[in-house]
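Order as written gives the chain letters A, B and C; numbering starts at 1 within each chain.
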């Protein structure tokens, strides 16, 4: 083999340098599609914080008040929406009373979608759960809600909240037993406003945020978290369902392994040359 | 009427709102609590009005393209059609609005976000070189965290996850704690700078 | 019918969005502008319905002073006028001032005092490994804060501490990068899982054939 590819007169090294982007794209697409056509079924180990979240919700008693906020855009449905759907289903199974708010404008629409997709287990709107809607102003909105959770005279659908039984179940933010929020950015505003006000705070977070919130986990300010779709797959495993997120894990294994291989390959030649040249 | 243009007016507004929202947390004075409630109400209303500013900018941008019949102006027409379709269906046909939002808009948003993944891989292959000790630490942590998110590594080589968990819970946690403290100090510093008039973002 | 048509529409839109991976083209721009258009349509709806809830209804019920924040909110739109731009700064200052006040008031107990409390340790029930890990984490934290101290020159022991801080931050940023790779990849995986199903996998075959045909045509010319 003389190292040349074809009539172009290009050798392998030049070919790889010229078409590396296209080759990488094709390999990524191949590894992404392969498990969709031929599932592999790689076992899914559990992360300790997913277990902690699951058992925290499992320990809720019927009627416990839980505050949920949907603070992400539809583009994050895969990372956060699937996990929130699993958690909402678990909460309805435990017959918790749920108050839903949103600090992102898209939150109420996503909450509305999830409520339409899960089994509500006979829960009655206004008595067992309510969607209060979008609270603008981001951190100012959070501070306003924390100081007065009954700030809304109408819910997201325009219904008056004054006669809803669930609205009489709380007066202050501390009446909530648990707060679960889903966000895709730094959690500092949520921690600043809610930390110390509600007993248990759980975050459903995009995987890239997880390393940054470990200090809050360490101090207990954030009780636990679910790390995106990987956490959702683990949660589905704990709930005993074979959901959407579980199906993605085979492809995750293959494609993320490619990242590891590329890191090693990219540096092998470079380091060999650098260390050999000394 | 030149007084309305003075820089001091937004600075005074910033200071008043800042001190009301800051002091209400530390001082339990009824007047302050009531002022804070009313202030937060006003800010929520202003923030809701602010949501429309991005919309206006986009409408002006696409409107200009259509008016000037620039190349590809039909794409701008599609923008207005999509916007009016979803907005009007929330009032005229809410179930169709739910369908558009859940079945069309959500998957489309996911598809548009996909590109970052592909460019991550090309960036790793082209630019990720361990040139010094700092980059070596970076690569070490990156590789082990990647392994943490690929279940196959945890199953085949469980020790990789022990290392990944250690990185996450010890050095990463310590450094992130330092960053959190730094961010908090920076937040306070920026607020003081605005109050003293050094930051002109809000005052002009 | 919609169980057949909707996946085809979404499959087509997904492939139009992904066509950017091949090259810049009008299909991608259509998909992008559709997404932005729908997003703006929803934003308009949610802003109007929220305004109705928090402003219009209370105003009708007698809280007439709420006309003031409405005027300030409308003044935000003067940002598009060079002559009256200064008016938009009044509302921006109010929003920023309130937000900063809430952030600063809570940053001290939660982010500073709360995290410094985390540096402390209860020795009872602590194993040797846990103690060593705690010391490493504490050193990493102090070193990171010292790295951002620019009023003292990074020489001598401060320089050494700052270097340790830099290494700790590299480990932290590397962790974030490794996690980000997965977080970004999962979107592609979800779309691929969708495209692999019938009937949208037919569109996948059509898209591949179109790309191959275009590559062949461009090489010929």
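Please note the rule applied: a residue touches a chain if its C-beta (ideal position, glycine included) is under 8 Å from a C-beta of that chain, and two chains touch if they have at least 3 such contacts.
From a predicted model like this one, the values you see are computed outputs, not experimental measurements.
A.B. asks: Starting from the Cα centroid of chain A, hunt down the chain whose centroid lies farthest away.
C.D. replies: The most distant chain relative to chain A turns out to be B.
A.B. asks: So which chain ends up in the middle if you average the CA atoms?
C.D. replies: C
A.B. asks: What are the two chains with the top count of C-beta contact pairs?
C.D. replies: Maximum number of inter-chain contact pairs occurs for B-C.
A.B. asks: For chain B and chain C, let me know how many angstrom lie between their CA-based centres, rounded off.
C.D. replies: The separation of the two C-alpha centroids amounts to 4 Å.
A.B. asks: Between chain A and chain C, what distance separates the C-alpha centroids? Give it in angstrom.
C.D. replies: 13
A.B. asks: When the C-alpha atoms of chain A and chain B are each averaged to a single point, how far apart are the two points in Å?
C.D. replies: Taking the mean C-alpha position of each chain, the two centres sit 16 Å apart.
A.B. asks: Where in chain C do residues touch two or more of the other chains?
C.D. replies: Those would be 21, 42-43, 46-47, 50, 54, 95, 98-99, 102-103, 106-107, 111, 115, 118, 137, 172, 175-176, 178-182, 184-185, 187-188, 190.
A.B. asks: Taking each residue of chain A in turn, which ones touch at least two of the other chains?
C.D. replies: 25, 28, 75, 78, 105, 109, 136-138, 140, 143, 188, 207, 210-212, 215, 218, 230, 252, 255-256, 259
A.B. asks: Can you pull out the residues of chain B that are in contact with at least two other chains?
C.D. replies: 21, 40-41, 43-44, 47-48, 51, 101, 105, 109-110, 112-113, 117-118, 120, 124, 139, 142-143, 145-147, 149-150, 168-169, 172-173, 176-177, 179-180, 183
A.B. asks: Spell out the part of chain A that touches chain C in their complex, as residue ranges.
C.D. replies: Those in contact with chain C are residues 25, 28-29, 32-33, 36-37, 75, 78-79, 105-106, 108-109, 133-134, 136-140, 142-143, 152-154, 156, 158, 188-189, 191-193, 195-196, 206-208, 210-212, 215, 218-219, 221, 227-230, 244, 247-248, 251-252, 255-256, 259.
A.B. asks: Would you pull the chain C residues touching chain A in the complex into a rising list?
C.D. replies: Counting only chain C, the residues touching chain A are 21, 42-43, 46-47, 49-50, 52-54, 57-58, 95, 98-99, 102-103, 106-107, 109-111, 114-115, 117-118, 137, 172, 175-176, 178-190, 192-193, 195-196.
A.B. asks: Considering only the defined contacts, which chain B positions touch chain C in the complex?
C.D. replies: Interface residues on the chain B side: 4-5, 9-11, 13-26, 39-60, 72, 75-76, 78-87, 90-91, 97, 99-101, 103-105, 107-118, 120, 124, 133-135, 137-150, 166-185, 187-188, 190-191, 194, 201-204.
A.B. asks: Which residues of chain C touch chain B in the complex?
C.D. replies: Counting only chain C, the residues touching chain B are 6, 9-10, 13-14, 17-18, 20-21, 26, 29-47, 50-51, 54-55, 66, 68-70, 72-74, 76-77, 79-80, 85-87, 89-108, 111-112, 115-116, 118-119, 133, 136-145, 147-148, 165-182, 184-185, 187-188, 190-191, 194.
A.B. asks: In their complex, what parts of chain B are in touch with chain A?
C.D. replies: Residues 21, 36-37, 40-41, 43-44, 47-48, 51, 98, 101-102, 105-106, 109-110, 112-113, 117-118, 120-122, 124-126, 128-130, 139, 142-143, 145-147, 149-155, 161, 168-169, 172-173, 176-177, 179-180, 183.
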